[in-house]
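The first chain written gets the first letter, and so on, giving A, B, C and D; residue counts start at 1 in each chain.
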Amino acid sequence: MRFAVRSTIDYEVKTPTVFILNVEAAALRRQRILAEALTLHPAYPIERFAEDEGGSRFLRVTAEPGPFHVAYAGDVEVNMIDRAPDAIPEVPVGELPLDILPYLNPSRFCQSDLLGRFARREFGTIDPGHARVTAICNWIHEHVDYVRGSSDAQTSAYDTMVLRAGVCRDFAHLGISFCRALNIPARFASGYAWQLDPPDFHAVFEAYLGGEWFLFDATRQAALQGLVRIGVGRDASDAAFATLYGEAEFKEMSVGIEAMDRRAEEEPTVRAVGVG
Amino acid sequence: MRFAVRSTIDYEVKTPTVFILNVEAAALRRQRILAEALTLHPAYPIERFAEDEGGSRFLRVTAEPGPFHVAYAGDVEVNMIDRAPDAIPEVPVGELPLDILPYLNPSRFCQSDLLGRFARREFGTIDPGHARVTAICNWIHEHVDYVRGSSDAQTSAYDTMVLRAGVCRDFAHLGISFCRALNIPARFASGYAWQLDPPDFHAVFEAYLGGEWFLFDATRQAALQGLVRIGVGRDASDAAFATLYGEAEFKEMSVGIEAMDRRAEEEPTVRAVGVG
Amino acid sequence: MRFAVRSTIDYEVKTPTVFILNVEAAALRRQRILAEALTLHPAYPIERFAEDEGGSRFLRVTAEPGPFHVAYAGDVEVNMIDRAPDAIPEVPVGELPLDILPYLNPSRFCQSDLLGRFARREFGTIDPGHARVTAICNWIHEHVDYVRGSSDAQTSAYDTMVLRAGVCRDFAHLGISFCRALNIPARFASGYAWQLDPPDFHAVFEAYLGGEWFLFDATRQAALQGLVRIGVGRDASDAAFATLYGEAEFKEMSVGIEAMDRRAEEEPTVRAVGVG
Amino acid sequence: MRFAVRSTIDYEVKTPTVFILNVEAAALRRQRILAEALTLHPAYPIERFAEDEGGSRFLRVTAEPGPFHVAYAGDVEVNMIDRAPDAIPEVPVGELPLDILPYLNPSRFCQSDLLGRFARREFGTIDPGHARVTAICNWIHEHVDYVRGSSDAQTSAYDTMVLRAGVCRDFAHLGISFCRALNIPARFASGYAWQLDPPDFHAVFEAYLGGEWFLFDATRQAALQGLVRIGVGRDASDAAFATLYGEAEFKEMSVGIEAMDRRAEEEPTVRAVGVG
């Protein structure tokens, strides 16, 4: 499947501000960038970091006071792993690679240490594997209301467990927390999400199963095979589309994604989707 | 039913300390004290307060440094309301007496304002009445583990909702929170609990239904018709067996209750039990 | 001093809704209501409760779907206790009246049990008395920013202690928590506040000192001798101007207070102000 | 300076349990391991991971039911950076290396996003540099009590900010949070701490200043130039001496460190100590 993605973000910068931007499609083996363009206005110099382990591409820009416009457009071919869920096992902790282990630890918004008893009670007796993480997503979908404006940038999985309302990042944080509590490595992923309505940056989560990272979306608001991944991290604090050091007012944002070929429409939705 | 209750508490007082004690059986219309004795050693002067609305009997004592021993023994006849649960409705907020209204408000350990969405999702469609509060107790019993030492004096219903473990006071706080979130007045009650094993002060909760306060125990560890009520309040902070102002080390405690007549054994357990 | 106070509140009621309103000036020995008028539109029947211990006057009204307008106007003479702060001692717990004791307990928004160590460290060595509570207010004024919109209806003193920003109710909750932690009974009070800009319902707190309740305002935004008290309670959850059971949309509100005599301008501001 | 370090940990394993152990001295440019021995009893096979960026050396072992004994002894030469504090500047975010950026993000126990206003109020006007982080440590030392048993494995900086008591890990978490809130990268470090009394694993924190990681210890309980570093991470969840997946009972632990040369005694303590 091939997608045209684009985003624009506008700020009114008040003081010289360092922006760490993460809006470009990630460089993944299964996500090929055919063409892309990043435009800044004013055209401040961009500093590019080497890609990190998850393929995230961070930019650093220092903007001066005044309007600051960021635009990205990409033509991306996505060939996610597409496998029968039944065949995807969990990996015992004793066999996990070292660089995966930190994704078992609790993080700012994913207090897996506190959610452990619940996770074990609710999901502990389900057969390990991809289907268990799907069961986690089903639980979240059934027990948490998707309510725009019900949470904020400080809301954590601990809170969502009680408040039972949130948006995509809260759904992801809860899913991550439950997985980690069950010794399944899990991380946060942001992306351009095909068919998401209204269009916006989307947040889902990835669980490490059968030696690969598989995507999960407890909101059920987008088709996973149509997710053009941007960034990953332990939770939302690692994968913001923009992190600002300085003072700038967010003005507006626009996000879009379009399928560029016919295949998209015919994709099955019941299969496990992985990023590798 | 008639019960012999007793308790002893021992402290090592470090500095002159004011004790607010609440260990005597409450003076309720349906709980008649046939005989009782309170012994302090040393025999410090006791200041008795007029009984409060819930029948709680508070004592104030100032103890000097050294050992301080409190002993209470009572012979109490309990004739709780015993009614068919089906016939006990909820009282619409528009018809509640004023002095009952504060029991709808959130309190230190019962954040009913935060647990509202969950309570409405889970219990909102159940027919109002005594059976709905029983459904609340069943949910707590099924979803929270009774684990000695899993909580402390600062643990609130918000925490228990996530941690899913607690002791009797945590079970009561959760029940109270759910009730209040559903506009059912609810309060915390402490007591001597027949058949509780091991013997200890027990905590349950009361919900205001059909114009009376009915008892509920989500722990299912004691027989409600065998609860000799001591104190009530918005939550545990109002109904401690002892509140200390000063410095004293808690040494040990012993609590006991025995049924004094045959009837106890024959009591049905499926009926609604109220204190009036 | 004599004040003309007024308030109007407008709702769009969606479903039949019970309103517990608390907008009328309290009936206090030191606050005489010379004239007043409460107008509801539509003119639903009002149910008045007997005044509670703190003089709060609650109304209960059931409103049907449609617009609902509440208006209150009062002409109130305030003769607060006006005493030299130095002469006002704290009351040892061993000498507090029973009905005052609950104001030592933690409550939903005032976790005095958790703030105790800080309170004792920071204020424990200050001489007991009115001046110590003033020191508490000074600390809050210096260490917490008054920022409109920085907190919400769920924000507690625990949060404000970390976040260091809030509005009048948060300042009051923090003051109450510190007092209770130091064994000074304290409670939340709402009122019409002379010279508050912009005009709004105001929140302050009361501490029980020398056998009377004295007013404190850590925000320093209003003159305490010009506070026309409305309601009191353990914290904001007990003293809302309106508590709704049902569904209604808050539309707008207007609050006003004017001094009706010259004396107001000449009032000293350094003295202790009490409600009795 | 040269140190002999040793530790033993004993478990009673209940079910086959994966241990991720982190007890060996880290492999750092400025910390040379002259000799060492790791002994497991039973002698289960050890899996060693490549050293991570911070030099931490993790081991993975699967232990079967029964007693499990871990012993480590090392002879380590430490040559920390020793520089005049005045000459060590903060690094502007615009100039930080990419792999340092995550240490600006909030983490499970370091909610720097919530502590930002306080940190800016209290430390925002202090001149940037090593001395500012020392000021942070001084503040913590003066405002938080070191109280064994006052916190647990779930206690976060948010809690410590209110509760004002904790142990070394809580002091470190608070220091890390304040640094991150001020845009100073900071991370958690565990180690063998010379002169710590009683001997135990110690926790301190590192701040990234002038292009190097410098050590800070707000507890003032150990000499930083005598810290033999073991592990680092975003917070305590990344740097546990042992993380268990399975069921095992912790039995006992013993930790020791001795200076092997004279120089130790003569070390100045006022200088900045860095690990590079």
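As a convention for this text, a residue touches a chain if its C-beta (ideal position, glycine included) is under 8 Å from a C-beta of that chain, and two chains touch if they have at least 3 such contacts.
These numbers come from a predicted model, not from an experiment.
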Tell me, which chains sit next to both chain C and chain D? none
So the centre of each chain is just the mean of its C-alpha atoms; given that, what is the distance between chain B and chain C in Å? 31
When centres are defined as mean Cα positions, the distance from chain B to chain D in whole Å is 45
Which residue numbers or ranges of chain C touch two or more of the other chains? 114
Draw the chains as dots and join the ones that touch; what shape do you get: line, ring, star, complete or other? ring
Residue set of chain B touching chain A in the complex reads 114-115, 117-118, 121, 143, 145, 158, 161-165
As the complex stands, chain B meets chain C at residues 18, 20, 49-50, 52, 58, 60, 62, 92-94, 98, 101-102, 105-108, 110-111, 113-114, 153-154, 183, 233-234, 237-238, 245
